[in-house]
Structures are given as structure tokens and as C-alpha cells.
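As C-alpha cells, here come the structures.
Paired with chain B in one complex and with chain C in the other, chain A is shared by the two complexes that follow.
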Partner chain A sequence: MGLKEHVLYRLALTPLMLLVLLTLVFVLMRVLPGDPITMLEGKNIPEEVLARRRAELGLDKPLHEQYLNYLYSVFVRLDLGVTALERVPVGYFIAARLPATVDLTIAATVVALGIGVLMGILSARYEESWFPQFARVYSSVVYSIPVFYLGLMLQVGVARPYGLPTTGRLNPLNMVLLDSLPVKTGFVLLDSLLNGRLDIAADYITHIILPALTLGVYISGVFTRVTYLSVSEAMVQDYTRAARARGIGEWRVVTRYGFRNALIPLLTMAGLQVAALLGGAVLTETTFNWEGLGLLVYEGILKRDYAIVQGTVTIYALIVAVVSLVVDVAYALVDPRVRY
Partner chain B sequence: MRLPSGFAEWGLALGTALVAAFALLALIGESLMGQRAVSNIIVADGKTYVVPPLLPPGSKLEVSGREYVFIMGTDQLGRDVFARVVSGARFVLTVAFLSTAISAVLGTILGLLSGYIGGFLDRFLSLVMDSMYAFPGLILAIAVAALLGVGVLNISLAIAIVYIPSYFRMVRGVVLSLKSAPFVEAAVVAGASPWSIVTRHVLPNVIPQIITLLPVSFADAIITEAGLTFLGLGIEPPTPDWGFDLNKGRQFFLAGYWWIGAFPGLTIILSVLGFLLVGESLNELLNPRKVES
Partner chain C sequence: MLRNSIKEMFIKSMRKSMASMRKPSTKVLIAALVAALAVITIAAYTLFWQASLKTPKMKEVLIIGTTDSVQSTLDPCEAYDYLGVNIIQNMGEGLFKYEPETAKLVNSLAVSYTISSDGKVWEIKIRTDAKFQDGTPLTAHAVVWSWNRTITLNQDPAFLIGDLIEKAEAVSDDTVRVYLKAPFEETYVKSLLATWVAFPVNPKTSPMEVVEPPGTLDMIGPYKLGSWKPGEYLELVENPNYYGEKPKTLRIIIRFYKDAQSLRLAVENGEVDIAFRTLSPADVKDITEQGKLQVVAGPGIAPIRYMVFNLNKEPFNDKRVRQAIAYLIDREQIVNTVFMGKFAQPLYSMVPIGFLGHKDSFKERYGSKPDIEAARKLLIEAGYNESKPLRIELWYTPVRYTPAEPDIAALLKQQLEASGIIKVELKSADWATYRTLMREEKIACWLLGWYPDFLDPDNYVRPFYHSSANAWVHVHYANPEVDQLINEQVLQPTEQRIQTLGKIQDIVADDAPIIPLWQEGQFAVAQPNVKGIVLDYSQIFRYYLLYAEAQG
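Up next, the complex of A and B:
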């Protein structure tokens, strides 16, 4: 299969994967015991109220009809329903919250790659020293620390002494200012830069440092291992020996020749970590009160608003399907050996 | 990763010690400390004493001639944090055990069926499992736990669903590689029924692989459990639980009452690390040449 066919094949597979994921969401939400209305209103609501609310939400129809309705509204009408409490379209909340999660996951990936690549390269460069062992212990310990605990530690140990904000995305004043900016995309950093408000951008950056560090450290262990493995694998190959024989310095051999070997595994790993990032983001956002999708899920749980939980989980399914498509295609583009 | 000799052995020893300690806590902790974990009242000589809230770690309290020490302090309701940490082991480890068992059994059965029968069933199951595998595990667990509600079995099921695909994929892979193995083909030729081939020839070769996956799976289950209860899912107060207590202690953390959340958090780290060390060291000792990423 050539590159074009591979991309087309993956494109064709994506709706199928999405269908499976949405079916999974539907099965979870409708077939499992637990009723959205009694969840919200308690078990003692009058029979006729229950029946009316069920009819409103279309829950009185047979399951297969509900299933088709769900798929139809997601795929065709791009409608995720309305929230149970405020009667606002769930899509409105999601559109407002999605940029914050995108920012956070990108910033966290940068942190994780930075730490991981640095520690991996150092481990491979100083293979005989104590450093690889340290890196190894680091990855295990980081894996064992719950994200929210790490977040709390950073709030107490770093935010306090260094005067960084512990919660939220902006100072209250800037939050109001942000709303009044003429050019709007929903992405705070982008908006403040587009409108020439460097002060708001700086405020946003001071707010994102700790959540990004928390989430980034949480997944950095995996990147450390991948980098170390691929670089040290390259260091015993003939081409690196030849490079050394030509008198190229050890550092240059590691970064130029060794590290290139780690690029594709790192890309694969970054794609695989998207799921872990999104899951970790729920806990990070809750800890730092970062108003993204994860916090929306948490609020949905607290308010027992089932429409929010279902809508958000549906969006997660969409993100996962798209990301796995992008990673797969990028993988094929970068690595000429990959042709299925 | 290439490691100096002895590293894996030390890891295994340390991990086993931690796991044994937590297993012991889960078995007897609640009967030793259970009362003080859920109540702020000490009964002595027929009189009741109310323990003050927010006592710092190491505080002592004298109740009718007997001294009570609160080595981890008391929480916002005057309950002994140490007692809650110790008693919490039962809930957490029970959930981790149940969820790992459920996902291992279901994943293995589905993997065996899918790999051995093949055809449409295999394609269908693989597609479903791969999709589940790609989905963020914690969010899947949140969705299930939010619907199932509180209770040991409910939260265990919510976690189990996340890890079924890991077992499924591993078992299916082994089955596919074994299907054309000479001893399996010999059994087919000899007229063995599919049931006996799967249970007598395939399954015994799958089990060692499952066992090496179990400790890490256990560690994952504890982390996921902590995440769910941190969000307030699956648990009903006043049941002692590390993730839940950490969330409750969160608001007191910045006010200076760090011990309410700090100790449950440390306990989560130690328990996860214990199982992780056992799993990784075992893997290294059993498959020395296999380089895992």
C-alpha cells in the first residue's frame, strides 16, 4: 500500500472507530442501570413527573430508536442535547471550555517532552554513571504520584513561596477584560496576543505554569524511558561508531545521531499519551480550577447533570478518533518504512 | 533498560515488603483502628470525650489517665488521620483486587474466544477493544462510576471496564501465535474438541503472561480508584478512603492544615509504588532480554 492508500484507508476507518466509541458511550449511558432523571431529582419524584421528563428527553422510546436518535443528533445535527439544570445547549458549554483543555494539554506535552528528552539523552550520554538509575526511579515514582497530589504539592510548595496563582486561568479583572476584547477565538493566549494585550498573555502564562507542570510531569516518565531506550540503542550501532571514528564529539553523536533514532518512537508515544493526558486533565483541572472540559465533567458529576457528562464524553470520543487518525498519518509521513 | 545487577532484586524486595505491609493493613487495619477512623468520640470509663478537630500531627490527648497520640493529627471533624489512613487500605485494596480480577477474567475469556474462533467475531471484538483502549481510561471509568453509583462492587466494575482491553489484547496475541504451534496442531489432528484445546493447551501458556501483567494492573487500579474517589465517585462517607480524604483535605491544605490530605496522598504513592516495583522487577527477572518501553 502506498502512502496515499494508507491515508485513505485510515480516513475510512475513522468513522467506524467513532461509531464504535459513540455506541460505547450510548451503551454506558442508557443501558447501564442508573436513570438520568432519578439521578437529578432523587428517587421519590411522582410517577407522572418522571414520565413527562422521560418523554421530554426521549427516554420512553425503544432503545434502538434512542440509539439512532443519538447518532443522528451527534453526526447530522451536531447537537449534544441541553443541560438538565440551565436548559442550555451542552455544545455551548463545551465550545467555551474546549480551548482551555487544548492549551493545557499542549503546554503539558511540551513540559513532558522537555523533561523526558533531557533525562533520556542524559541517561544515554552518561550510561555508566548513576544517572540512568536516577531516571529510572524518577519514572516509577512519577507514575505512582496521583496527579492531583502533585498539583497540591506544587500549590503549597511552589505557588505560595513564589507568588504564582494557585487556581483559575486569569485574574478576575483580566477575565472581565478578556470578554471585552474585539477579536475572539476562545483561546486566551491567542486572543490576548491578537488584541495586543501582552499583560493578559503574561497573566495567562503565570496561571498555566503549574497545571502544565503537574500534568506534564505526570506523563514525563514515559518519554524519559522511550528516549533513553532509542538513543542508547542507536549508540551501539555501526553508524554512531563510524561517527565517533571520524572524530565527532560524544555530545554531538548523542544529539545528532542518537536522538534522531528517538524521534519516531517519541511521536508514537505522544499520540498514545493523548488519552492519558485527557484523563489526567480532568484531575488537574479540578485541582487548579482550570475551566476546561475536565472541570466540566466534574461539575456535571457534582450537579448530577447527565447531559453534560454524556455530551463531554461524546466530545472526548471525537477527539480520540481524530487524534489517532492524525498520529497515524503523521507516522506514515515521517517514517518511510511505514507502509501497511 | 539495561540495569546494574541487583537493581531488579532490590526493587522486588522493596516492592514485596510494601505490598505485604499494605495487605496486612487491609486485613487487620480496620479492626484495630476502625472506630477512631469514623468517629471523633473516645469512650473511656463510661464517659465520652470529643476529640478536637485539626490537631497537628503528634498531638497527645489525655482521657481519664490514658494517653492517646495522634501521630498524623486529626481531620476537620476530629477523626484520627492515622486511623483513616490505616483503615482506608481495606476499601482501596478490595476495589483494586476485585477490579483486577474482573478485568483479567473477562479480558482473558474474550481474548481466547476472539483469537481462537477468529473471523467476524475477532474483527468485531478487536475493533471494540481497540476503541476502548484508545479512549481515556479515567474518563471511561468516570462515566461508568457516575451511573452505577456508590459501593465497592460498582466502583470496581467502573475500573475493571478500563483494563479489560489490556488483557484482551495480550491474550489474543498469544492465542494467535499459538494457534499454528505444532503441539496445538497435533491436538487438533488428534481430534481434541475446541474446548479442550483452549483450556488444556492454550490457556496454560497464557497464564504466565497474565501473571506478569497483574501487579502493574493492580497499581493502575489503585491510581484509578484514587482518581475516582478524589472526584467523589463510588464512595459514601464516612468510609475511609485515601483519594476521598485527600479531596476533603484539599481546602485545608492551603490554610496550613496540610496533614489531612498529605498522609492519605503519601499512602497512595507508597501503595502504587509497591505494586509497580513488584511488577516491573518481576518482568525484568523473568524476561531479562525483553526490552520493554
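Up next, the complex of A and C:
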């Protein structure tokens, strides 16, 4: 199978994967006690009003009928539905929240790769010193610390003393201001630059530091280990010995010959980590009040808003599918030995 | 000659003095300059100082952080959550309203009213200078149209006027005639007409369907909606066509936070000017001790908190068990430990303190301190003892009410177990699960809270104790005498009504299907320069009274 066929094959599998996932989420949400209208209960709203609202959402129909209606709506009408209480299209929320998650995921990946690659290379370069031990302990510790705990520690230990913002994506005044500016893509950094508002861009950068650090540190351990193992493996190969024999400096050998060897596993790991990042983003976003998809799905679950949870999961699944496809294609481009 | 010589002398002396003036010494020049500068500086400073005294520079925008959210829409016919209703209260008003600080019901869009001798027909004269946001004058027709819209659309809170009004008509442009379903008591009627569902909306621009986010309706109030990004922020701006006093701050931004911890961090680092609803009492204690922010406390009734028993389930179908529990609860300990003795008051009736007819019936019946002996006696009579203890599950939900809920549940467990006969197992669930367990009657003893729909004692007795209105709470309490008294009190003159309410409270204290625990006060945490925070019994947080001097 050529690369083109492989891509088409993978694309054809995506709807099937979505179907399985949506079925799972559909069932799980209905197994949980309560429904979206439960949020209105606990006040003396007349029973007939509650029943009518349930009927408006189709919750009075048998489960299989609700399921088929939902699939028809998603796959045929390409409509993710409306939220239960506000009746706002789920697409509106996803469009508003997706850029925040994308930004956070990219920033966290940069942090994770920065820390991971640096620590991995240093471990391989100073293999005989204490550093690899330290890096190993670091990797295990950061991967096992709960994200919300790490976030809280950074909020209290770093943000407060250094005056960094602790919550949200922008100062509230800038949020309102940015939305009133003419150019709108949804990506705060881009919008603020396109509208010539460097102050808003700077505000955004100070806001993203802590969430990106939290999520980035959380997955940096994996990158540290992968880089270290790949580089150190390369360092005992014949071609690196030959390089050394030719008098090439050790740093150059490590970065030029060793690190290259780590690129493929790093790429694989970065692709695999997208799912972990999105999972971690739910906790990071809730800790930092970062209005992304993670916070949206968290609120959706608490409110039992089926449409929000199902819609967000669909988008998550699409992101993971697309990223893994991109990684596959990137393999072929980076490493000529890879064939499909 | 002499005359000429005098003239010459004068001219000479003048020239001399002029010459000396033309060439002043440097010292004199510097002194004059310094003096002039000093005079100018002092004058300017005094002027500016006085000016700043008269008109200090005010902030044009204030940011309020909250953990509340707008649960459904900002359409007055549908909104039924605290924040949504509060925002509507700042964008609109009804015929009657609650006066800030005193929380007295006063005329608002109404100018005067008369009540027919049978008490069933009200004729209300409305003000003629009020306009909607687009400049359309308010008329009696608009008032009637708005009420009909609420009743026709029949959304969640429609019953507030739907159960009150039989028919309404515009007699003239400035007079509304209201036919009531029964000759209800005067304050009761006014409190219902003061609810947001009865706010006039502009018939020219309001559709006959619920307006969904990010929209709202044109009402008569100090603010109008600026912008709204659901789940993130909402902006209110001054309504230039409002007939009343202008808001003290032109723009208000309400920023939504996910939890108390994020809100605390935001107010501490100055991201928001005011944090209102809801920080945990422990956070407020810390903030008070640090002294960098101001903490404003006010009386509160939102929510009142209580314990419910399902009377269809054992062992709570036995009145002695319920009474024993009522004897054991120490409300003061909860208020002092969890609410620092400051942010809540012990509650001995479902009708809160500060309300017409409130009576401390539970205090009179069971005392204000736990009576372990009395409780043990009842429990032993009911067939329990140390070797055969009464085992109960006490349920609570950790997010919906105060963040201190688990601590409160732990205290209650300790208080009940002090009897030596009761063994309590604490259980918790998120609201959706909790509410489902209640509805499916899988739990028998749980904690709840009540936010009033309107500020009248009826809203604190009918939904809990009237057998035709308390199905939602799953208590299964039905006492024909109480039902009848509840029906009667809304029709009685005030003095007689107070007596009836007292009687109802005494009976339900003895039956104890529900045990009132405490009523929560309100508290706002704000930056030191913020002024105008008024927290009173009306529970309305009036944004239009807030202001802050600009710093620096």
C-alpha cells in the first residue's frame, strides 16, 4: 500500500471510530443518574413544565430512538445539537473553546519537548554523572503528580510571588475588548496581533505561562526518557564511534548523530501524547479556569448536558485521528525507510 | 517755572524708576519667579485638590467575579437561577420593587393602586415618564402584554404570576386593572408583582417565544446588555433612556469562574474588583485576617438550609425518630465552626428570620442546645438502644451549596452520634445523581437548600408542607390541618396572617418532617476602593449602586 492509499484507508476508518466512540459516550452518559433537566429540579417548578422540557429535548422517547436520532443528526445533518438549558448550538461553544485548547496543547508540547529533549540529551551526554539518575527520578515524579495538584502548586508558589495571572486566558477587560475588535479568528494571540494590540498579546502570554508549564511538565518526563534512551543507544553505535574517531567533538556527536536517532521515537511519542495532552488539558483547564474544550466537557458532564459532552468528544476524537494520521505521514517524510 | 521744575523732577524720577525696572537685579528676578511659581503651584494644587474633592475620578468599569452561572436564558419569562434573575433585576423593574438596604416593598413603575372591597380587583396607576431602551414609552398595554406573554409561554417560573392573576387589562394608557384568582393579601400580591417574570418588556421588539443566549429583552432598568459570551463573561452598559437615577458605574463586567478557588485567586491578584458568590467561609476568614481586601457581610436568606426525611421510609416514618434528631442538632456549633459565627444564623423555622410571621418554633419545642437525654428517651421508646443502634445514611451534595458541605455533614454526624444510639454513615453525590436518588426515593435523609422565588413567607411554607405542593421535595408530608392553614393565611389580613403562620410553624416543628438548620448570610469580597455594596434581605445584588475611585 502506498502512502496515498494508506491515508485514504485511515480516513475511511475515521467515521467508524467515531461511531464506536459516540455509542460509548451515549451509553455512558445515560447510565449516569440524572439528565439535563435534573439541573432545574430542586425548585418548585411544576411537574408538567419539567415533563414538557424533557419532551422538547426528546428525552421522553425510548433510548434506541434517541440514539438513532442522534446518529442521524451527527452523521447525516452534520449537526451536533443544542445545549439543553440555554438552547445554544453546541457548535458555537466548540468554535469558541477549540482555539483555547489548541493553543494550550501547542504551548504545552513546546514546553514538554524543550524540557524533555534538553534533559534527555544532557543525560546521554553526561551518562556517568548523577544527572541521568536525576532525570529518571524527575520523569517518574512529574508523570505521577496529579495535574491539578501541580497546577495549584504553581498558582500558589509561582504566580503569587511573581505576580503572574492565575486564572483565565485574559484579563476580563481585555476579553471584552478583544471580542469587539474587527478581525476574529478565535485564536487570541493571532487576533490580538492582527488587530495590532500588542498589549493584549502580552496579556495572553502571561496568562498561558502557568497552564502550559503545568501540562508541559506533566508530559515532559516521557520525552526525557525517550530522548535519553534513543540518544544513548545511538552513542554506542559504530557510526558514532567512527565520528568520534574522526575527531568530531562529543557535543556535536550527541546532537548531530545521537539526537537524529531520537527524532522518530520523539515524533511517535508526540503523536501518542496528543490524547494524553487532551486528557491532561481537562484537568489543567479546570484548574486554571482556561476556557477550552476540557472545561466545556467537565461542565457538560456535571450538568448532564448530553449534547455538549457528545459534541466535545466528537471533536476530541477527530483531533486524535487527524494528529495520528499526520504523524504517520510525517514518519514517511522524515525516515525514507518507512513504507506503507 | 516751579511748576515746570516739579514736572521735570517727576519725569526724571519716573524715568529713573523705569530704568531701574528695566534692569532688575538677578536676585530680585529669581525671587519674583520663585514667588510666582509658588503662587501658581499652590493655586493650581488647591484648585485641583478641590476639584478632586468634588468630583473624584471614578472607574468607568467594574469587574465582578462569580462562581454562579446563567443556567438558562436572560428572558424574564424563563430565567429561574440566581445569577440570571439577578442580572435581569439590574436591567429591568416591575410595578413594585425592594428598596435598597431596608428591603421594603415600594412603588416602582406603579404610582398608586386601589383594591376593590372584595379584594379581588386591583387598579394600578403606572408612571408615564418611563421608557424602554429604544425610547418607546411604557403604557398599561405593554404591562398587560408582558404578563400575558409570560403566562402564555408558561416557562419554569410562570406560575409566580400565573397562579395569581386571573385576567389583566389596560383601562387606559396609564392604568392596569388586575383580576386576581382569589382575594390575596396585599403584601403577598405586591411581592409577586415585584418578581422578574412580571417585568414589562417592550412589545415592539419582544417575540412571542423565549429569547435565547446571547440575547435578552428590552426592559426598563439602569442597565442594558452590552455583550455576552456564555460561560465566559457578560457585560452590562448604562441604559441612557432609563427614567431613574443613572448607574454609578457605566459598565459592569461579570466574569464567570469555575470554582471558589479560582475566584479567590482572581480577587486576590486584582483581576476582579468584587467577588460575589461564592467563596468558601474558610477563604473569607483568611482574607479577613490578611486585611488587604474588604469583606462586606449582609443578612441573608439565600439559601436556607435544612434536613429532609422521606416519611414513607423507615425509620423516618416514626415521628419519635425525627424528633430525637431535632433534639440532637446543634445549629450554633455549625454556624460558629463553619461560618465563623458571622456568615450564617441558626434557623429554627423554615420561615427565615426577618420575614413576616417568623417564629422560632423549633427552639421553643426542642431548645437551642442539644438535649441528649430527651433524644435518648425517644429513641429507646422507638425500640433502639446501644446494642441495637439506629443506623442512618445522611446524604449531602458537595458542590451545589457551600464548599464547606463535607465539614457540615461531618459535624452533623458527630452531633447525632453523641446520643450513643445513632450511627451515621455519610454519603455524597454530585447534584444530578443526588437529585435522581431523591426522585427515585432511594435515599431517606438528606440535606437541601432553598432559594426563594419571591420574598413572602408563603414561599417558605407552601412548597414544603402543603401536600399538593411538596411533591418535588419527596418528603411525603400531608397534614390536612396544615394544608388548610396554608390556604387561609394568604387570604388573611396581616395581623391574622402572622398568627396563622405561627400556628403552622408550631405544628410542623412538632411533626418535624423537615428540620431547618441555618440561613446563610451574604458576603462580598472586594478591592479596598470599591464602594456601594448593599446586601439586604431582598437578595438582589444591585450593580447600579457600585462604584470605585480610580487608583493612581
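The working rule: the second predicted complex is superposed on the first by the 295 of 340 C-alpha atoms of A that agree within 3 Å, B and C clash if a C-alpha of one lies under 4 Å from a C-alpha of the other, contacts with A are read in each partner's own complex, and residues count from 1 in each chain.
Basically, a contact is a pair of C-beta atoms (placed from the backbone, for glycine too) under 8 Å apart; a residue touches a chain by one contact, two chains touch by 3 or more.
What you see is a predicted model, and the numbers here were worked out from it, not measured in a lab.
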*For A:96, decide between first (touching chain B), second (touching chain C), both and neither.*
second
*Could you tell me if A:49 is touching chain B, chain C, both of them or neither one (first, second, both, neither)?*
second
_Quick one: is A:226 in contact with chain B, with chain C, with both, or with neither? Answer first, second, both or neither._
first
_Which partner chains sit in contact with A:85 here, chain B, chain C, both or neither? Use first/second/both/neither._
second
*Can A:286 be said to touch chain B (first), chain C (second), both, or neither?*
both
*Between chain B (first) and chain C (second), which does A:299 come into contact with in this model arrangement: first, second, both, or neither?*
second
_In the overlaid three-chain picture, which partner chain does A:166 touch, first (chain B) or second (chain C), both, or neither?_
both
_Partner chain(s) touched by A:155 [first = chain B, second = chain C, both, neither]_ = both
*In the superposed view, which residues of chain A touch chain B and also chain C?*
32-34, 39, 152, 155, 160, 166, 286, 298, 302
*chain C touches which residues of chain A in the complex?*
32-35, 38-47, 49, 53, 85-88, 93, 96, 152, 155, 159-160, 163, 165-168, 171-173, 175-176, 179-180, 286, 288-289, 291, 295-296, 298-299, 302-304
*Within the complex, which stretch of chain A touches chain B?*
16-17, 20-21, 24-25, 28-29, 32-34, 39, 127, 132-133, 136, 140-141, 143-149, 152, 155-156, 160, 166, 225-226, 228-229, 232, 265, 269, 275-276, 278-280, 282-283, 286-287, 297-298, 301-302, 306, 309-310, 313, 316-317, 320-321, 324
*In the complex of these two chains, what residues of chain C are touching chain A?*
61, 63, 70-73, 80, 154-159, 210, 212-213, 226-227, 229-233, 235, 253, 255, 257-259, 261-262, 265-266, 268-269, 271-272, 399, 429-433, 435-437, 439, 448, 451, 453, 463, 469, 471-472
*chain B to chain A touching residues, read off their complex*: 1-4, 7, 127-128, 130-132, 134-140, 142-144, 146-149, 219, 223, 226-227, 230-233, 243, 246-247, 250, 253-254, 258, 261, 265, 268-270, 272-273, 276-277, 280, 291, 293
